[in-house]
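One chain, chain A, links the two complexes that follow: it is found with chain B in the first and with chain C in the second.
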Partner chain A sequence: MTATNAPAAIGLHGLRKSYGATEVLPALEAELRGGEFTVILGPSGCGKSTLLNCIAGLERLSAGRITIAGREVQEAEPKDRGIAMVFQNYALYPHMSVAGNIGYALKVARVPRAEREARIAAAARIVDLGDYLHRRPSELSGGQRQRVAIARAVVREPQVLLYDEPLSNLDAKLRQDMRMELAGLHRRIGATSVFVTHDQVEAMTLADRIMVLNRGRIEQFATPQEIYHAPATAFVAGFIGAPAMTLLDVAGEGGWLRLSDGTVLARHRHQGAALLGIRPEQVLADPAGVPARVIYREDLGAHSVLTLQLGDGSRLQMAAGPGRPVAASSDIRIALPAGALHLFDPLTGRAFARHPVPSDAMKVQDDAIPS
Partner chain B sequence: MKQEIFRARALPWWLCAPQLLVLFLFFYLPIILAFFWAFHLEQPFGGGSQFVGFANFRRVLGSGEFWSSARATLAYMVLASGSSVGTALVLALAADRRLRLSGIARNIFLWPKAVASASIGVIFVFLLNPYLGIPAPLNEIWPGLWNPRTNPLHAYAMLFVANVWSAIPFSFIILLAGLQAIPEELHKAGAIDGAGPWRRLRDIQLPLLTPQLFVVVVLEVADSLSGSFGLIDTMTRGGPGGATNLLVYKIYSDGFKAYDLSGAATQTVILMALVAVVTGAQYLFLERRVRYDR
Partner chain C sequence: MIENSRSIDRWATAILLCGLVFVLTPMAFVIVTATQSYEEFLRRNFSLIPGGHFAENLREVWTRTDLPRQTLNSIIVGAIAATGRIALAVTTSYAVVFFTGRGRGLVYALVVASIMLPLELMIITAYQVTANVALPLNALANAGGLWSALAGRPLDLQWNLLDSYAGIAIPLMAQGSCTLILVQFFRTIPPQLARAAIIDGAGPLRFLWDILLPLSKGPLTALGIYMFISAWIQYMWPLVAASSPARTMAVVGLARLQEEGERIPDFPLQMTGAILVTLPPLILIAVFQRRIVRGLTLSEK
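Now for the complex of A and B:
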């Protein structure tokens, strides 16, 4: 089964939502392209579900407009928006069979019985549920229940599929399988998908574009690659990656970045205060580099994550390869390659424009460190 | 758990004894005595009884008064439990939808629980008094519009009002708890599937509320058979002309006013059998339709 309708773009224009005095979404502005898989990513309580419920029509907007396929829908009933939704805790009707759950929307819409049954069977096939049509939800495993929920959404051939953390109740292995299935499903039915999660692995693997949300504001809306390699704000930098980027307070002066105690960290043209971000996997061990003390070590098998303490007491994470183990509370020296540095405005959190770095400045040279 | 602690076989019995004694004295003993008297001819002021077999039953079942009382009892059972559960259901649905003032209502609806049904009866008799109560002005305009002392329908209406009022707290709280236990997401899923509020009520809320509805109906039905005594005694005393002389009240007036102890005991046995049969039938036929899946 494929969606008969052309993929629908979703426009959010000045979308505002408050509960009483608390403003959850302050004036959101975004364009979700038709057929794209958009992941809304953000910490708990940042307003992801609220945004999704607004798109679905389960919450009334305080102000603003929502368009789906060019049509303004902010006043429309959920059923008239061409959307379907998958919920975190499945939200299956416990007193109906699997077939009853999948076909409920069709029954409400008075689709004739024969067509209904054919569509239920087709939707169940999409998610591999054929054998379970007569069971009750309570007789299914978590993964199977979520499949029923997905079939229930797909059966209506929606233009837009909304997912609210659909995988977070599943165990790690099943989550991975379901991720693959969801990606496949998206390719097959081609509906515009909006997927809410706070799991960045899901975001990175599923998304065409990720919308990073923080306290109801869009921090960055870009492809996973851009989000990872060129975070637009310090928040995005500190949120994406496992472990995430380390952020250090530094000051740039005369071509060098220094910590507050004057320790020279890396070469950079920036002048004045900045937040320096660096990914743990890009921190290098370098006998001629900055001294640091290993205060904590987590061995993850493939690699280990070291937490280092620098001269001024600030902490930095470093991913070390499987090579020779570094004992905790030993001293090492590290280098921060200039190409791996991200600088953010300490006041606004926005990234400074990146300067091209000459290749000979990639390493901190002992003899070049000014006193 | 260590078994030694309970090695003294007698100890558990001693611990249960006070409770068992109370249960026996006030629950089982009256039942046993009712059965005993139902098969004997009792002297009104004590002193000797004579075994008469089913003579009492023949006498009771042969009287037209008994059958009219039994019919009234059954009608009252259906209407009283239906109206009280129905009202409580509507109120619980409204409170669950968080209509305006439902926070206060949730609190206030529980208060009648603290009032004995006899007190409720006294209060409603006063409120609905044709000459002094709320309907008094209307009665002045249209004389005889409302008079429960002479009109059996009015008498029943008065009983139902008082019964609904006294039955609301329990049914309301059970039904509201059941409604609140239905996850919010099911409503959202239903709305997305295109079901409006009434459709969701029919397809989602009521089916998921059946366990609570079942409990409430069973208890209300049993209560309407026996618990109407306080209301009748204070409001109508079986009148007008025996119209509201339901079995519970008839047992009392036969036994304690006409001193027909054997006849009263016989009707008690019949009423107990009726409660047992009705409750059993509900378990047999209604419970099948209860959805315990959640």
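Now for the complex of A and C:
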């Protein structure tokens, strides 16, 4: 049951999809490499499912081409595209047994009974469902149901596996287990996988590459490391990370970045207006730094997240280690290390200068916050 | 809270009992009268004292009247009408809910509008069309003398369905309430199921047959029984459409028993006939009772 097909690359060429006058996907251009695990990440309503349905053939394109393994498929029936799909709410056939669900595609394709049963058993083994073949979906837990859905996809030995938020109906613990299993499954069967989610943890842990989608446009398509450390746009910066990067309106002049009220924030060569992004965990406490007032504090156990107010009223988030607690509405001083700054064009949102992945900027100082 | 709900219980019981008396009293008269002989009935008029002549009355209904034959007619017409209505409703609802064709909203609106047009309202037109099914075709072809110009004389096809099972049953199918209910049920079926079936390679008919129909078994059974009964109790249309005793339906036949002779009607005989005619739908409901209740809630576990 391991990869019988060579991994298939997916090409999206000028892919456009609109419903009436609303354009959901305006001219998408991307190449999903064969055998890779691609995660499509974006906020609700940005067109992730629409894109996946277009690849699956459940939606007709308004324009453009889709290739799978070099073959143009935009006119092909879903069953002829070499794809299989796992849906968010499992979409199991309630009146069929687990075996019936897994084997339905084979039955439709008139695969002989003996071969069908062997393949059902093999697929059930892959997802550890061997003992449940005769149960109805209603007699299974959520996690088991999603396994059936995965087995139903795998049994067809697809070149491409499509997942539409398959884990979002599961509780947090189960989600983590299923993440591991999906990663293992991907290694074993080696099919090209496209996984839609709005959960960045899933994206960061599962993806070879993440496609960040915003209003149907690709903001960035890169490895999780790049997405995290070198966001290409302010949108990506504000979307990735928990808590996400803070974005501040600043102006650069004479080697300094200043807030609108003139407060000097950090050293930087940039001239003119910019959006300054900084990750909360990279904000440092510094007795000689910028004054800020703690207006809100969330203690998460391992660390706490402070919301700070700066001189001009803008807000900044800072992650602090489990040191001495900082009371809300106390005053502290902070520093923004030069290596941790991301600057974006305030009009287009594009990053001004790419930063190399910093090696030591991730360090968080635990106990330097004055109380 | 507990006292409260107890007093509610008592009230509910009282109301139900009143309703029961209201419904059952006529039934009691029917049953008691059916056990009396004609002479007993003449002597005592309507009374609630049961007699011992039910078997005798039944034998008489069975041998002297057309009711057994007419009951069979009702079963046949009811089955045809119910099957036809379900088949039409399934296909219409399937198209309305699962397909995005142009004009499906309009089709649905028209079907629902037909609920407001009972057959009784269109009975003359229905009679004309049943008397000659080709009538609309003739009218269309002859519009503006078109057919005469082509063929030399007006088109005049004839196909009479009066006094046949099809002629009685088919006009009873032309009513959209089934579709209305089934559309509601189909809308509760997750659309993802259809998408999963498409990915699995099932075409539209395969999906209908393998997935949609098995999932709708409960509601379809319930609907089928309602439709059977609603055809069973039709009076006006079967009265008009069937003229020979051999095609008369049971309810019409039952009413005709009253017209026989000029003496005081043989009520014991009629009531026995009424019991006979009520029996088939009653048995149907008894057998499928649980499915009907489950179908009413429109859910499949």
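Here is the rule we go by: the second predicted complex is superposed on the first by the 353 of 371 C-alpha atoms of A that agree within 3 Å, B and C clash if a C-alpha of one lies under 4 Å from a C-alpha of the other, contacts with A are read in each partner's own complex, and residues count from 1 in each chain.
Definition applied: contacts are C-beta pairs under 8 Å (C-beta built on N, C-alpha and C of every residue); 3 or more make two chains touch, one makes a residue touch a chain.
All of these numbers come straight from a predicted model, not from anything done at the bench.
When both complexes are superposed on chain A, chain B and chain C occupy overlapping space and clash.
Residue contacts after overlaying the shared chain place A:Ala109 against chain B and chain C alike. When both complexes are overlaid on chain A, the residue A:Ser138 reaches chain B and chain C alike. In the superposed model, A:Phe344 lies in contact with neither chain B nor chain C. Once chain A of one complex is fitted onto chain A of the other, the partner contacts of A:Phe37 are absent, as it touches neither chain B nor chain C. When the shared chain is aligned, chain B and chain C each come close enough to touch A:Met85.
Contact with neither chain B nor chain C is seen for A:Phe239 once the two complexes are overlaid on the shared chain. The intersection of chain A residues touching chain B with those touching chain C, taken from the two complexes, comprises 53, 56, 58, 77-79, 83-85, 87-89, 91-95, 104-105, 108-109, 138, 152, 156. Those residues of chain C that touch chain A in the complex are listed here as 190, 192-193, 195-202, 206, 210-211, 214-215, 300-301.
Note for the complex: chain B touches chain A at residues 183, 185-186, 188-195, 199, 203-204, 207-208, 291, 293-294.
Residues 53, 56-58, 77-79, 83-85, 87-89, 91-95, 104-105, 108-109, 136-138, 152, 156 of chain A are the ones touching chain B in the complex.
Per the touch definition, chain A reaches chain C in the complex via residues 53, 56, 58, 77-79, 83-85, 87-89, 91-95, 104-105, 108-109, 138, 152, 156.
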